[in-house]
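In this document, chain identifiers A, B, C and D correspond to the written order of the chains, with residue numbering beginning at 1 in each.
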Amino acid sequence: MNVIADLTVLPIGVGTSLSKYIAACERVLNDYELETRLHAYGTNIEGEWDTVFAAVKRCHEVLHEMGVPRVSCVIKAGTRTDRDQTMDDKVRSVEEKMGG
Amino acid sequence: MNVIADLTVLPIGVGTSLSKYIAACERVLNDYELETRLHAYGTNIEGEWDTVFAAVKRCHEVLHEMGVPRVSCVIKAGTRTDRDQTMDDKVRSVEEKMGG
Amino acid sequence: MNVIADLTVLPIGVGTSLSKYIAACERVLNDYELETRLHAYGTNIEGEWDTVFAAVKRCHEVLHEMGVPRVSCVIKAGTRTDRDQTMDDKVRSVEEKMGG
Amino acid sequence: MNVIADLTVLPIGVGTSLSKYIAACERVLNDYELETRLHAYGTNIEGEWDTVFAAVKRCHEVLHEMGVPRVSCVIKAGTRTDRDQTMDDKVRSVEEKMGG
């Protein structure tokens, strides 16, 4: 089952500079060879359900190994059986309707 | 790794009456013997990470089997290494600070 | 426009014990006389759109006044024109479908 | 109070092709002259708190006017008092930590 997901990771208890932790999560997603798009409030992810969620679990583990005592994440996950759709399809589809 | 999670499932393409689909997901969570608390915008879930996320995947599968063409969910997941905490601990801790 | 919402507030940069900040937000919601239900990963809120979102803004302000340098929240908001529905209706509707 | 937000809008009860509704919301955000970045699971938004949330409310209203009976949205909102930060700063900060 393919999924398009969006992941926001919030490390808690390590101050306010979080980018090094977010970068560590990005490297985890790369390790799992997932298609990703980083944005200003999270990361879009596309892939097989089990791979995507294994990677999310690994993000929590890696942050705890880095000394983060508390990790909260928000995941959105979309699956559909009516047709195949990529992340780029989704963006393009909205942009087409906006033009003209 | 224990997790306290919150799951909101949104079946898309089957009209506006969604409670039978939400009820089907609640039954899935029960099948996995997870501790849950249904609320008005989702369900709190407590358990082992792998069990929780296996159940979430099964919710998507079950809804598609029921004929839902598109399923979007929002999951919040919190893990911590500093101390053990249950869902009830979290609520009680806030309520104590509100009293008096 | 009536809304059923769910609010999760995450104070960042003040350590891992967050319940006093969540309690402060609950008091804000009470000040706005909103109907609320606290749960283990946030708070269900029911009310007029403008009142609900004025209260959410006030939560951010109050936490900053308490010295929280960074606040992230997640809000879910549902509106519908097909029929009136309360938070309790939503829960009851799912529970009815689960029984039997 | 400046906010960096992320908005995902889910129109319910109008089938599975949602891009024309998302495009309508993008036009609303443009009407409010907000800085936005469309991605595959929502839109990053940067601006003054009141303007951002007035635009979100208007999205719900416009979708209902288009005949959508039920609209659910997910908003993430981040405010900080420790320093100024733009959406582009956030992405750049993570990318810098990933390089090398």
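For the reader, a short list of remarks on this structure follows.
Everything that follows uses one rule, which is that contacts are C-beta pairs under 8 Å (C-beta built on N, C-alpha and C of every residue); 3 or more make two chains touch, one makes a residue touch a chain.
Values in this document were obtained by computation on a predicted structure and should not be read as measured data.
Each of B-C and A-C has its own count of C-beta contacts, and the greater count is at B-C.
Over half of the residue numbers at the interface between copies chain C and chain D are found on both sides, making the touching surfaces mostly the same. Centroid to centroid, with C-alpha atoms defining each point, chain B and chain C lie 17 Å apart. Remark: chain C and chain D have CA centroids separated by 19 Å (rounded to whole angstrom).
For the pair chain A and chain C, the distance between C-alpha centroids works out to 25 Å. Shown for chain A are the residues in touch with two or more other chains, namely 13, 16, 69-70, 72, 74, 76, 78, 80, 82. Across the interface of their complex, chain D is touched by residues 1, 13, 49-50, 53, 56-57, 60-61, 64, 69-82 of chain C.
Chain contact summary for the complex, chain B toward chain D: residues 10, 12-13, 15-16, 18, 69-70, 72, 74. Across the complex, chain A is touched by residues 4-6, 8, 16, 19-20, 22-23, 26-27, 37-42, 44, 46, 74, 76, 78, 80, 82, 87-88, 90-91, 93-98 of chain D.
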